[in-house]
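Alright, structures below, take your time with them.
Next come two complexes built around subunit A: one with subunit B, the other with subunit C.
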Partner chain A sequence: MIPLVLGAVADGLMIGLAYGLVAAGLGLIWGVMDIVNFAHGEHMLIAMYVTLLVTAELSVSPLLLLPVNAVLMFVVGYATYVFIIKRTMDGPVLGQVLCTFGLLLAIRYGIIYLVGPSTRTVSDFAFDGSTTAYGISISYPAVLTAVVSIVTIVLLYFLLERTSIGKAIRATAQDKQAAQVLGIKTDRIYAVSWGIGLAATGIAGTMIATYFPIQPSSTPGVWTIASFAAVALGGLGSIFGAVIGGIVIGLVQNVGATFLDPSYQQLYVYIVLIGALLYQREDILNWVTDR
Partner chain B sequence: MTEKSADGRVASRRNVLKITGAAAAFSLAGCQGGGASGGDTLTIGALHPLSGDAAEMGTRFQDVVGAGVQAVNEGSDLSPLAGAEGEGIQGQDGATVEVLWRDHQGDSDVARSEAESLVLDEGADILTGCYYSGSTKAVSQVAEREGVPHICGTAIGEGLTERGLDWFWQVPPHTGVKGESMFNFASDMNSEYDADLERVAIIHQDGTFGTEVANSMVGVIENSDEFEQAPETISYNASSVTSLSPQIQTIRDADADIIVHAANVRDALIMLEDMKTEEYYPEMMLTPGSAYLDPSVLEESVSEHVFSGSDFSNDMYDIHPPMGDYNSYAEENSGTPFDGSNIYAWGEFFTAIAAASRADSLDPGDLQSSLNSLSLDPYVSGLPYPVEFNDKGYNTEAFSFVVQADDGEIETVWPFDQAQDDAMTYPVPDWSER
Partner chain C sequence: MSLSKTAEELREGVDLQSIPLAYLIPAIFIGALALPYLGTSYFFINTLIYALLFVGLGQSWNIIGGYAGQISLGHAVMFATGAYTTAILFIYYGITPYLGLIVAGLLAAAVGLSLGALTFRLRYHYFSIATLAATLGIYVIALQWDWIGGAVGLEYPIAQIGDSLSLMFDSRQMYFYVMWAFALGTTVLVYRLHTSKLGIYLKAIDIDQELAENAGISAFWYKMYAMGLSSFIAGIGGGLFAQYVLYVEPRILLELIRNVEFVLIPVIGGLGTVLGPIVGAAIYIFTREYTRTLLGGTQTGLSWVIFGTVLILISMYRPSGLIRRRPVIKDSNEHKETSTVSAGSEADDD
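Moving on, here comes the complex of A and B:
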């Protein structure tokens, strides 16, 4: 029984940290700009395919691609804001929603056009495989992903809490006009926020590609849905809330499926999510009203 | 009355009328050409997933069917394949065939509207498709309403021909037949190899396909004295699943000998990877759908030794030489060889050609009569078994053999008399021994 509990918790934690890292990027953009990036999973897909193709063609370890994908996705995020999102900022919210939805389609079908729609996996990862300890089976790529998630989240924390750019991001998120009065170039902060958010997503995509099958149509949805749930659960607009939300979702999924009927794995998550939203209703309403 | 356009050109009433008249003439000409099935062209409306999860499968359908169209229109030496007697469909005075492809995206509503467009706007004589049972049901309702034959060669839901339809015919073995084949194989393994297989775990994605497969398998097991189900049927949502470890744990705890998994491609890979992580493998992994036969799954080492119910194997050409000829032709002319899924589309297309060739005309009623009385020997429809429909439209001659994945290919292992001597690996080695 104890190995069963430990196994479910370990699996839940590991997948939850992966959810958390994916959700952190979404949460940052959502929190700073009040924009929901519906193309979040598709942005992650870009990093996944870079990982897939470069490792296949050049036999490079996915770990070496972490900084490459982080920088690449920062640039993608920055450019996305400057060339696309910025132009919708003064318009209705619906325009921004449709814009990110358009991005979703453009990236998804662009990838299908370039590399085809087949399901693919990263092969020959040096850390591939698994081990069993104390009756718990652990996948090395999952552990590595969890470690990378923790490191990235800690770095994000220091970036936001201890650097001037982080303070500017937080100030802009709290009150854009006040930040402008203080001399913060909020437009640039928005662009940087998109960059940082997608850089985190790029890191997540690189690691997740090492142990999940990648398919342009179905893969993004899985992670976008989990991210939305994590952000909603952890508190709208909070990076660390999103991480906690991700972990809770991973735990509920795995522990629920292990000890209850596994057929209703997703149901357990959404029961917890709905319960949390009902419990937090006042806070959320205040949060919305404050904006 | 004139209006000046932005670039300075003048649009007079006369010009407007000219353009309108020309457009009307064009559209009328289009209606006439597309709506008539005048005997010189058989128009097949093919509805398959060309985007989404099964997009690549749909693309492979297009490839081999494209080769099939070429074989019919240009003539081939692929005897006894339908339409191979000369250029065009000989039974219709050499009529050519065209296939209009539509992407239903795995969405039943899209499938329905595309089917309506094919019939009403394009004048399709026959509809084919749709791989997914849900989309197939939606399209067959349109076919029934409009009185157009719908030949289904790619969906294997057991209930598809149980709806009292007059315009629907299902060519491949449905899930019940597949289940019987698979459990006959398991039974033969018990008697011939002392395999001691008894407890069966059923796990499936919770869409229409997975649920129908699970129900069929439960039915087969309930009618069997030899097998019992353990644990209860397990389902999961294929579009959101990221781990199947808890489900695998449940199956391990139930001490199942056989796992029957109805999956899509992505979750098939997740299942195998998680089984490897959990260092668990049952005595037999037995799968009814085509996901485990998809090239992207077969190229992964984790798929090694999985058993599947199939109409195709890479070594079938020794037992069924015409299938080898067909495969060579398809690969040469489309670049895509047969596999565990596109062979269904090939059979679907040539069943339509055979029916059209034997019909008095391409009028819907004549095509319907032809399909109802169709009796094709093996290979005529492009498949290794005969085609003969019962009064519900189900091909009573459809048959599924069992194959096993071996080094990226699939080999026939059952019926034993159709298998190569060294084809089967059993018992399946543990993960650590692979």
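Moving on, here comes the complex of A and C:
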């Protein structure tokens, strides 16, 4: 019994850190410009498939693809804002929801069209394997993913708190007009936020592809909803809020799957999401009514 | 001169505004009766049937999304409720779908109202996320629920096709008329709504909920009213869909794509307009069915890439759809009105 609990908690923590990283990316975009990226999981899917295809073709280590995918997804995010999202910013919220929903369909089914709907993982990874400690089995890729997530989250924190671009992002999130008055090019900040937000999915996607079976029609939805739930739990405007939210989601999923019916694994996340939205923290609520 | 005017009209939207809806709607629907005689192929009639069904479903979403401005991404739940109710009442208890459809509508309305009671506190994309989560959650439950057939679903008893009370027909033509009636009924309902007090209140809530509430309109209850109506139609639509395809299963009823279709049709046509879902359903269903055949079964993904791109383009260039919203109250001096409106909004800005 105790190993069962420990195992579920360990798995939940490790995947939860990755959820936290992805959610931090979503929360950054959401918090800075009040746009919910419904295609967040699909963006992550791009990085996952780059990893799957490149490692299969060139037999390079997925770890080498971390910077590649981070830069790639930064560019994708930056371009998505400049060419698409920017034009919906002045319009109704409906336009923004439709737009990212359209991205979801185009990316998801584009990938299915190009590479087929089958489930895949990276076939051989130098860190494959697992160890048993205290009666629980821990897989190395999962540990490595958790470590990479922590490092990225810390880097993201320093980027936002200590650098001038980070300050500009935070200023824009707090008050767009005031930031413009101070000479911040808010349009560029929005584009950079999209870039950073998606770069987070690039890093998480690369690591997840090393040990998680990836199915283009269901995997992205799981990650999008998990990051919605993490952000709704943790509140906007703080990376660590999203990370803690992500860990909670990871725990809910794994502990729920272990002790309740595992086929309802996703349902627990949906319930937490709706609950979190309905009982949001004050800051989200204020922020919604202030817009 | 005339060229620039045409360009202007195109930019402003297709101008059907000068023809009163009271003439246009009968003209469209009586004209539609001639459609089955244009082609007898199974494929063509099938496409027509779906187009008419989706006119009704589009109108259903139009009430809550177009008029009340609540972007529900969970309408597949009510659609599935209707389909399962009609099917289960008929398959398990032998209750005729003529009665079953009404029960389906009422049950779907009850489900919609519960969903609304839970989520109408949320606004903007928060509402969208919550409704999306609800439909995904119910999908998971439906897959596991053995009584309603689980992932396999339930099939209609084929032996009873053609029975007088089974609402299952040998000929596609009959289905065409049933769907035609559904499309007409929902369109007339939305037409009534468009000019009614309820329609105006809903639009007011969409434009500025705080202002509407200050004027004494209870946003929550009017949204609930709209949700009830919308869900009732979605439920009947679901029931009709089940009667047509003759089986119910979670995948076809609750998939993400189903939720998107509800949204896509009024958005393509024109949000908060009576004709929007008609135009949207015609464009959408014909594109869907024909791309499906042209691209073949294995490549259906490609048509969703196209629709995704269409959604992105619409959101970028025409977020309110192809058709402009008709003014409810006729104004003889349009220019005067627009100038006062803009002056008013300027005054609001400080």
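The criterion applied here is as follows: the second predicted complex is superposed on the first by the 251 of 291 C-alpha atoms of A that agree within 3 Å, B and C clash if a C-alpha of one lies under 4 Å from a C-alpha of the other, contacts with A are read in each partner's own complex, and residues count from 1 in each chain.
By our rule, a residue touches a chain if its C-beta (ideal position, glycine included) is under 8 Å from a C-beta of that chain, and two chains touch if they have at least 3 such contacts.
Keep in mind that this is a model prediction, so the values were computed, not measured.
Of the two partner chains, subunit B is the only one touched by A:8; subunit C is not. Of the two partner chains placed around the shared chain by superposition, subunit B and subunit C are both touched by A:266. Contacts of A:274 after superposition on the shared chain: subunit C is touched, whereas subunit B is not. In the superposition on chain A, A:180 makes contact with neither subunit B nor subunit C.
Residue contacts after overlaying the shared chain place A:228 against subunit C, while subunit B stays out of touching range. Contacts of A:254 after superposition on the shared chain: subunit B is touched, whereas subunit C is not.
In the superposed model, A:121 makes contact with subunit B only, not with subunit C. When the two structures are aligned on the shared chain, A:36 is found in touch with subunit C, with no touch to subunit B. Of the two partner chains placed by the overlay, only subunit C lies in contact with A:97; subunit B stays clear of it. Subunit A residues 109, 112, 117, 221, 225, 261, 263, 266 lie at the interface with subunit B in one structure and with subunit C in the other.
On the side of subunit C, the complex with subunit A involves touching residues 65, 69, 71, 73, 118-119, 121-126, 128-130, 132-134, 136-137, 140-141, 143-144, 256, 260, 263, 267, 271, 299, 301-302, 304-305, 307-317, 319-320. Note for the complex: subunit B touches subunit A at residues 51-53, 55-56, 59, 206, 232-243, 245-247, 249-250, 264-266, 269-270, 273, 276-279, 294-297, 300.
If you check the complex, the residues on subunit A that touch subunit C are 35-36, 38, 84, 87-88, 91-99, 101-110, 112-113, 117, 221, 225, 228, 232, 261, 263-264, 266-267, 270-271, 273-274, 277-278, 288, 291.
Across the complex, subunit A meets subunit B through its residues 4, 7-8, 11, 15, 109, 112, 116-121, 123, 130, 132, 137-139, 142, 211-213, 215, 217-219, 221-222, 225-226, 253-254, 257-258, 261-263, 265-266.
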